[in-house]
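One chain, chain A, appears in both complexes that follow, with chain B as partner in the first and chain C in the second.
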Partner chain A sequence: MTTAPLPDDDLDTPDTGGPVYLYAVTRAPARAPRDETGEPLAGVADAAVRVVASDRIAALVSPVDPRHLEMVGQRPQEAELAWLEHVARTHNAVVESAFRETTVLPMRIATVHPAEESVRAFLRESADAIHAELARLDGLVEVGVKAYRTAPAAAAGTDAEPSGNPPAAAPRPDSPGRAYLEARRARRRARADADRDAAALVRSVREAAAPHAVDQRAHRLQTGELAAGPGENIANDAWLVPRAALLELHAAVTVLADPAAGRHVEVTGPWAPYSFVRPVTADAG
Partner chain B sequence: MPDELLPDDVAPRQVALIDLLDRLLADGAVLTGDLVLSIADVDLVHIDLRAVIRSIEPDHPAPW
Partner chain C sequence: MSLFGDGPGPAASGQGSSANLADILERVLDKGVVIAGDIQINLLDIELLTIKLRLLVASVDKAKEMGIDWWEHDPSLSSRARPQADAVDGAATPALEAENQQLREELRQLRGELRARELDQSPSGAKTPKDDQAP
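Our next item is the complex of A and B:
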């Protein structure tokens, strides 16, 4: 803080006059984010991130060639995913550079304005709504809490539990059909038990998290190739949490995990409040 | 483990892409300006990104 941050545009890099990618808005004055070497943070396609300010609001933007974004869908799939990952990670890096300092409203990925002047107009016209939303989110962070289930170690083997029915362990010689039915029933019971366990875990994780949070949002369960959890994802929640309650929430939910019994809990974050930002429009102000 | 949640530690961690996409592509969750565009339509881009994900994993209609 040896030099006073400029309340308006960062002058290190000139306004190109062209389209800009908009990452987030925060309160002015904000300095253009720097990387660890002190250079301006690189945004999408390595363009330097700059600050556009109006009405005590600062927007983080970088010049972008919209064709970079519009080309999506026209390249080999691996290239598409790599590009999407670049945009997503860059977006998050810029959002987090501001989030480390203060409250931010992250923009939706791939938000492009035709020019900085259009961003300034957006800030001007939505100023009241943006300030209200920033005030609402002050001191709050988003935490991800995911629950997974795996087959409990005991159920996977052939050992029958003392209290359980030995499934088809001793088929009665006079009734192979009956043995088959017994085994089928046992399997169905085991599945129902597992489903009940999973539902109970989800419920208890939510009950444990809720007292530490002010809001919750359930994201869709994670499946597919990108899902890399320890088992089947059974809850994928975002919680809006006062910063001071982070560790308490973490402790309250992770204590419910019991990997040997097939119960897993993962916590991610803290994130900027991506899942809780309400749309801000000129009309809302 | 709790150390991972300390705010100062946000930057160095590599977040999972799927967790990021949950947040960046979630319906209506992220702030939008309705003044955006004329050059690149945000919603078109948005939808295209979804299409990319879907086309990468044809067996999973909602893979993230």
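Our next item is the complex of A and C:
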């Protein structure tokens, strides 16, 4: 099987022969990815991203300096976190650069091969599985839909739906003890209403998204300090969506948001189908 | 190039460099293609490098705080010796340390195997040197 180099100008960043970081596998692109200024796209640690092709599929890789790997885990926590962020963002940026133009299979972070030659062997030996997966995901993108809740702006009044006569003249409490108990009861009722409201939001968001999507994954709710939403995260879903249905899905779920009532909906993406790719095995048969 | 530029609120504005780190991490750490271990290439080298990089990730407390614990489910790591994963039942930190400990152990072992192989034979291909040479 021939592994001819791509017919273009990608030879400005030669194969170092050393280990490479593997970002994604895709249909063979016309040329190596470029950034907005036309320069070769920078990968992890600023190494230029290269295309390794075999037959009609290609891998996006960049050389990794072995000395750099030696340092991993040896630095102060803060530096490690910064490095992780760099790798994660770069990984996603490279995946995205290819994803803008074609279907891609994003690799998990920190997939490293000892040399480009072994990436080529991987492409060769997994070709059938890769083609099948690319075909399955063709034209589909991942969209993140998150729902949040916050305390409603107008505290009590909104949630206690009057189910008959309006509470025009609240009965005056006879004693401080009774007033306290009533206040407690009201708080508990308000909390239960809020929970019911949150569950209803999650349900309606999912029902609104489903008709536009072909698959769904529920991610873990975001709770840590990196979680940067408008309130408490109550749903964190990934949907696999035909490109053509993106705007419809967006409209269908965002219309359910009502920030004044504490209901928030966030849409992210489109992402490469990270949450939907299946493992690629060399001998899938 | 956001398709969602007209959405309500800044978070609806697509990704690019402004994407929420938590959103990126939960995808790149936790999802994406895992290359299964059956590839006829020099698996040992790949694992050495990959485990090393992932060690870093596993050591990041903040990832754990976010609830990211992919390494506990990662088939490429958990398929290796995991004697009593359930025994580590305590708080997040001890579990994390145990995991790190295990990964470091594997790393050292792999490194030893690599070195042994380099020393005692001429390169005759990429056979897996799994069988331990009795000391």
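Annotations for the structure displayed:
We take it that the second predicted complex is superposed on the first by the 239 of 285 C-alpha atoms of A that agree within 3 Å, B and C clash if a C-alpha of one lies under 4 Å from a C-alpha of the other, contacts with A are read in each partner's own complex, and residues count from 1 in each chain.
Here is the rule we use: a residue touches a chain if its C-beta (ideal position, glycine included) is under 8 Å from a C-beta of that chain, and two chains touch if they have at least 3 such contacts.
Just so you know, these numbers come straight off a predicted model, no measurement behind them.
Once chain A of one complex is fitted onto chain A of the other, the partner contacts of A:Thr268 extend to both chain B and chain C. With both structures placed on the common chain, the touch criterion links A:Pro230 to chain C but leaves chain B unconnected. By the document's definition of touching, neither partner reaches A:Pro33: not chain B, not chain C. When the two structures are aligned on the shared chain, A:Gly43 is found in touch with neither chain B nor chain C.
Within the superposed three-chain model, A:Phe99 lies in touch with chain B and out of touch with chain C [touch as defined at top].
With both structures placed on the common chain, the touch criterion links A:Pro152 to neither chain B nor chain C. Chain A residues in contact with chain B (one complex) as well as with chain C (other complex) are 19, 25, 69, 72-73, 77, 80-81, 84-85, 88-89, 91-92, 96, 100, 105-114, 118, 121-122, 125-126, 144, 219-220, 222-228, 236, 246-247, 250, 254, 267-271, 274-275, 277-282.
If you check the complex, the residues on chain A that touch chain C are 19, 25, 64, 69, 72-73, 77, 80-81, 83-85, 87-89, 91-93, 96, 100, 105-114, 118, 121-122, 125-126, 144, 219-230, 236, 246-247, 250, 254, 257, 264, 266-271, 274-275, 277-283. For chain A in complex with chain B, the residues that touch the partner chain are 19, 22, 25, 66, 69-70, 72-73, 77, 80-81, 84-85, 88-89, 91-92, 96-97, 99-100, 105-114, 118, 121-122, 125-126, 133, 141-144, 217, 219-220, 222-228, 236, 238, 243, 246-247, 250-251, 254, 267-271, 274-282. Residues 1, 3-4, 7-9, 11-12, 14-17, 19-29, 31-36, 38-42, 45-46, 49-50, 52-57, 59-63, 65-68, 75 of chain C are the ones touching chain A in the complex. On the chain B side of its complex with chain A, the touching residues are 1-2, 4-8, 10-11, 15-26, 28-40, 42, 44-46, 48-49, 51-53, 55-57, 59-60, 62-64.
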